[in-house]
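One chain, chain A, appears in both complexes that follow, with chain B as partner in the first and chain C in the second.
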Partner chain A sequence: MDLFLQALINGILLGGFYALMGMGQNIIFGVMKIVNFCHGEMLMVGMYLTFLLYTFVGIDPYLALPLVALMMFGLGALIQHTLITPSLKTKSFTNLLFLTVGLGLLLSNGALVLFGSDYKSIRTSYSQTTLQLGLVSIALPKLISFCVLIVVTIVLFIFLKNTTTGKQIRAVSQNPVGAEVCGINVKRIYLLTYGLGIALAGMAGCLLTQFYSIFPTAGAGFGFRALIVVVVGGLGSIPGAFFAGILLGLLEQMSALFISPSYSDMIVFITFIVILVARQLIIMRRR
Partner chain B sequence: MKKLLGILLSVLMAGTMLTACGTSTSEGEPAGGSTSTETTTETTEASSDPIKIGTIYAMSGDKAAIGENILRGIDFAVAEINAKGGVNGRMLEVVRGDHAGDAATGKSEAERLITQEHVDVMMGCHMSTVTEVVAQVCQQYGVPMITAISTLDKLSDADHAQYDYFFRLCPLNSIYVKDMLEYLKDSSEQTGEEIKTVAIFTDKAAIGQELIRCVNLFADEYGIEVLGDPIDYSSGAADLSAQILALKQLNPDAILCDSYVNDAILFVNTLKEQNYQPKMIVAKANGFTDPSFTTSLGSAANGVASVVEFNNDLTNGKEINEDFKAEYGVDMNGHSAESYTVVWLFKSAIEAAGSTDGEAVKKALSELVIDGSFAGGRNIVLPYSKIKFEAEYDLAGEKHYRDNTSASVAIAQVQNGEWKTVWPFEFASAKIEYPAPLQ
Partner chain C sequence: MDIKKAVGVYHRNLLIAIGALLAVFIAIPMIVKTPYIINIFVLVFYISTMSMAWNILGGMTGQNSLGLAAYMGIGAYTVCLVVTKLNWNPWAVSILAMLVTAFIAGVIFFPCFILQGPYFTLVSIAFAESMRQFIINSEFFGRASGVGLPFGPDSFLQFRFTSKVPYYYAGLIMMIAVYAIMKKIDNTKIGYALKTIREDEDAAAAIGINPTKYKVIAVVISAMVAGFVGFFYASYIRYIDPDLMVQAKSTEFVLPAVVGGAAFVEGPLVGGLIMIPLSEFLRANYARVLPGINMIMYAIVLLVVIRFRPSGILGWYMESKFKKFIDEKILKKPSLDVLEQYELMNYGSRKEA
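Right after this comes the complex of A and B.
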């Protein structure tokens, strides 16, 4: 029983992190209809930024969170402005695909050159802290990242629902041409959206430094899971990403507990494929 | 705008290619580029000519750092021997080949060293696949070869019985695991608790399969029960909490593991996070002995034990480590200690043979017995006290040839954030900490 509870908690906390990763990917995908293949690498950039701020400026990783988010927003906006916007005009999906994949390679190889291949970590007084709640133990950094996720989800939800900019983003996501006709500056919205997506990846990276090592390919495994979250959670849906992330985390933990840890990856990907196929069938039926 | 995009894209592409090439530009270098010496071809050898030791290690590519450590050990031994007057009055000279991590390159380098540089003996390589092809070339030309660090079992199995110019100093892979089990058995002397059950935690990749195979090979012999299926994960795991829970469920007396470094770090962190304190963890080196492991975990890794080929506090290695560190500024590691030893083995064999004739040196090597220390040199600096290449012996039901059967590894444990040798007891500098504190 205690193992089950522990696995449940692990799944929710881990899933929360996947959700946070997926959230950024989801916003970009939902609005711009492009798959950001360098999302995992952006996570890694966020980790190194946090690492640099901690070692050279001495800023605590959690205090650095808004700073990293802001810097990553800038980076995202810059990439959008200089690379993606011109590419969008070509209306070619492959062009953008190669662009983001290439960007990912550039970033991870760049990190390799700048920081070397060794594994870095940020050790703070609380990074090793675990809370004992009855039968289960919870790592404090994971709990904090989960709380950040909840805040981010709520803020994003309200932002998209109630603010003018949020409404503009939704308008662009539904119909960019129509939105442009109505006088919305689509370019500006794209800039905001991509920046926001990258900022979320950066925040996830910042939180991740407290329970994962920092190395040039650290983002790879997480980036892929962010994609699953987007697909399962539905395009552009913030609550969808939230629940899809947690579902993914739970699925990993529960399949490991009840079947075997060896198969948990496989089960996750089979489920992913099943969902993809099922959704396709449903869409076909509707037509 | 289009122009700008074009420029940016090309910068991006160039950048990616540059970084990708950063590790591989010199890999394709032709054979001549990496030699340290230039010699004219000579057919007759005068007694004052140097004795040439050919080495084939990675000096470029992503394994270059490993090659560097090995070559340091070789250079260190050569300098020692030459300072004492050389071998039979002749100086030693190292002729370096670079296999750049590739078997085909290794083969052509071996041929170049033998036919153009006329090396008398050969050392290599780092990767067992390269060692195998180099051994074939050496056999063909009758050049004696010792591998200092290739641990793959099959290099000395029945299929390789006819390669009688090839000798191996280091322990075999399966001996690494056998020594881990030996350690579990011996540890009760200090801990007072017998280890009866183990669980295996490892990578799904080849290193993990090797660990599982070897543990199953010897578990019965040591009366150790392996609990459940091995708990495994894919390299570069995002999360290991499910695996830790599975281990917790099995509740073994000891965990045997083999992981790459990021997984090893995550493993130890997750143990703490899931509130699981295994009493004993023994790793098969790899990521656990990577410098990043102790620097990023610090005292959180206290109590984790691992196989090591050499450690700076080994009772018979302390002295050489100080001299080595004074010379190179870094600690000697297993690779440098083993390759250091091989140079001394060649010296002893050539002295015994009285010449550098391949056949004679081969015969001398097969008869060589080093007991405790080298004549005119140091004690054996590795965690064993005898070196002899056994012509033929049995290991777990299979015949093996020309391995140093006395070779063993040591076990070190992280204590106060540093590796301390705890086994074999006669070479140890510290007592086993039990149960592992992990803090």
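Right after this comes the complex of A and C.
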């Protein structure tokens, strides 16, 4: 029973990261209809940024969070401005896809050149602290990360729902031409959404540094799971991404507990295929 | 007949150019004896072939698959397992490998054909990754440690050589054969149907092209080619493991096509011939100091090509003055309306006969 509870808690806490990644991917995919294949690499960049800030400047990883988010926003906006916006004109999905794939290659191999392939980690005074809650124990950093996630989700939800910019983002995601006719600066919104998406990935990376090793391909698994979260949670839905992320984390932990840890990846992928196909079937039935 | 003569000269010059290119490739192993250089060319051949296999699906049909390495892995595994466990002849098994990959692509993957656009890409990645995970977890497939082919004396029947030169020629023949098949498909009804689906799937369905049917054809052809390349790879390296099927490999197979020009049948060849030697050169000379430098170069070339020449190197060449120069001065290509008249003339004579 306590094993089950522990897996439940771990699943929820792990799912939080998938949710955070998924929200970033969701905004990008929802607004520009492009799959950001370098999302996992952006998480990795966020991790290395936190690592650099911690070792060279001495900033605590949690204090570095807004700083990392800001820097990642800048990076995202730069990429959007120099690479993606000009390529959007060609309307070639293949090109946009391989643009992000190429960016991913560039970032992960760039990290390999700059930092080498060895595993790095950040150890703060509280990173080994665990809280005992009845039968289960929770690592303090994981709990803090989860709280940050909830705050981010709520802020993001309110931002998209109530502010003018948020409304503009939603308008562009529904119909970019119509939005442009209404006087919305679509290019600016693209810049904003890509930056925001990348900033969320960077934040996930920053939070992850406390209990995850930092290495150039650290983000690969997270990147693909973010896509699963987008598809399962629904386009443009922040609460959807939140719950889909947690569900995914739970699925992974539960299949590791009940079936076998080595099969948990395979189960995630097969579930994803089934969901994709079932979703499309439902859409086709509705037409 | 003025027109006939002009076209005849053009065709002759074109044949000479192609023949000269072929002669260069045939002569390379006779002049260059370094196994390292030969190895690079073998890489060029099989990666370009894989890229062509992707191109029929991604470039021609517009379905961006990112899981082609899995089919190559399945082909390679079929060959290794059947040869080691049942002692069949590798050449016979290569046919079996193609059938197995065709079955997996056409039957097991079938429900995924209803997905479009980005969702198809996602499902291809998930499908490939779940196949890899299956192999890693299966005792029969040798888990993560992989399987090898038996060693022994050189023999053509076993497709086993110590020298790299026979693999060079086999790879060259494979690449040319696949290119010929792709060129043929490009000019037949299937090719036009595939290109129509790429431009607009709903419109294609409206004019009587069944998108699912043609997508299945494209995926099966691409998987069969990948399965055969798997056979070639397994025979060349003689040892395979599940790392062959990682997604990074699939990406590696796509890049030559995108850089060369995904809309052209020749795109993967051009991209492969430029990118792979460059990447291998960087890997050999600088990888010790800067690991991953060849992939960085790959990524930068890819980004620059997509940003500034979205139709690839070949698309660029098609519009350039250089092509005009070659066409007019070296190949003596007649103007387009002359070619058109020639076609009409031929059509007329064929009609009479």
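We adopt the following convention: the second predicted complex is superposed on the first by the 287 of 287 C-alpha atoms of A that agree within 3 Å, B and C clash if a C-alpha of one lies under 4 Å from a C-alpha of the other, contacts with A are read in each partner's own complex, and residues count from 1 in each chain.
The rule is short, and it goes like this: a residue touches a chain if its C-beta (ideal position, glycine included) is under 8 Å from a C-beta of that chain, and two chains touch if they have at least 3 such contacts.
Bear in mind that the values here come from a model prediction, so they are computed numbers and not experimental data.
J.: Of the partners chain B and chain C, which touch A:V277 in the superposed model: first, second, both, neither?
T.: After superposition on chain A, A:V277 lies in contact with chain C alone.
J.: Of the partners chain B and chain C, which touch A:F211 in the superposed model: first, second, both, neither?
T.: After superposition on chain A, A:F211 lies in contact with chain B alone.
J.: With both complexes overlaid on chain A, does A:D118 touch chain B (first), chain C (second), both or neither?
T.: Only chain B is touched by A:D118; chain C is not.
J.: I'd like to know which partner A:S87 touches here: chain B for first, chain C for second, both or neither.
T.: It touches chain B and chain C both.
J.: Have a look at where A:I28 lands relative to chain B and chain C in the superposition and call it first, second, both or neither.
T.: In the superposed model, A:I28 contacts neither chain B nor chain C.
J.: Look at A:L3 in the shared chain and tell me whether it touches chain B only, chain C only, both, or neither; answer first, second, both or neither.
T.: first
J.: Check whether A:R225 is in contact with chain B, with chain C, with both or with neither, and answer first, second, both or neither.
T.: first
J.: By the touch definition at the top of the document, which applies to A:A139: first (chain B), second (chain C), both, or neither?
T.: The answer is first: A:A139 touches chain B but not chain C.
J.: Which partner does A:L257 reach: the first (chain B), the second (chain C), both, or neither?
T.: In the superposed model, A:L257 contacts chain B only, not chain C.
J.: Going by the contact definition given at the top, which residues of chain A touch chain B in one complex and chain C in the other?
T.: 82-83, 86-87, 99, 102-103, 105-106, 109-110, 112-113, 260, 262, 265
J.: Sort out for me which residues of chain A touch chain C in the complex.
T.: 29, 33-35, 82-83, 86-87, 90, 92-95, 97-99, 101-103, 105-106, 108-110, 112-113, 116-117, 216, 224, 227, 231, 260, 262-263, 265-266, 269-270, 272-273, 276-277, 280-281, 284
J.: Touching chain B in the complex: which residues of chain A?
T.: It comes out as residues 3, 6-7, 10, 14, 82-83, 86-87, 99, 102-103, 105-106, 109-110, 112-113, 118-121, 123, 128, 130, 132, 137, 139, 142, 211-213, 215, 217-218, 220-222, 225, 252-253, 256-257, 260-262, 264-265.
J.: In the complex of these two chains, what residues of chain B are touching chain A?
T.: Touch list, chain B to chain A: 1-2, 4-5, 8-9, 12-13, 15-16, 19-20, 22, 204, 229-234, 236-239, 241-243, 245-246, 248-249, 261-262, 265-266, 269, 272-275, 290-292, 296-298, 300.
J.: What part of chain C is in contact with chain A in the complex they form?
T.: 58-59, 62, 64, 66, 111-112, 114-115, 117-119, 121-123, 125-127, 129-130, 133-134, 136-137, 251, 254-255, 258, 262, 290-293, 295-296, 298-300, 302-303, 306-307, 310
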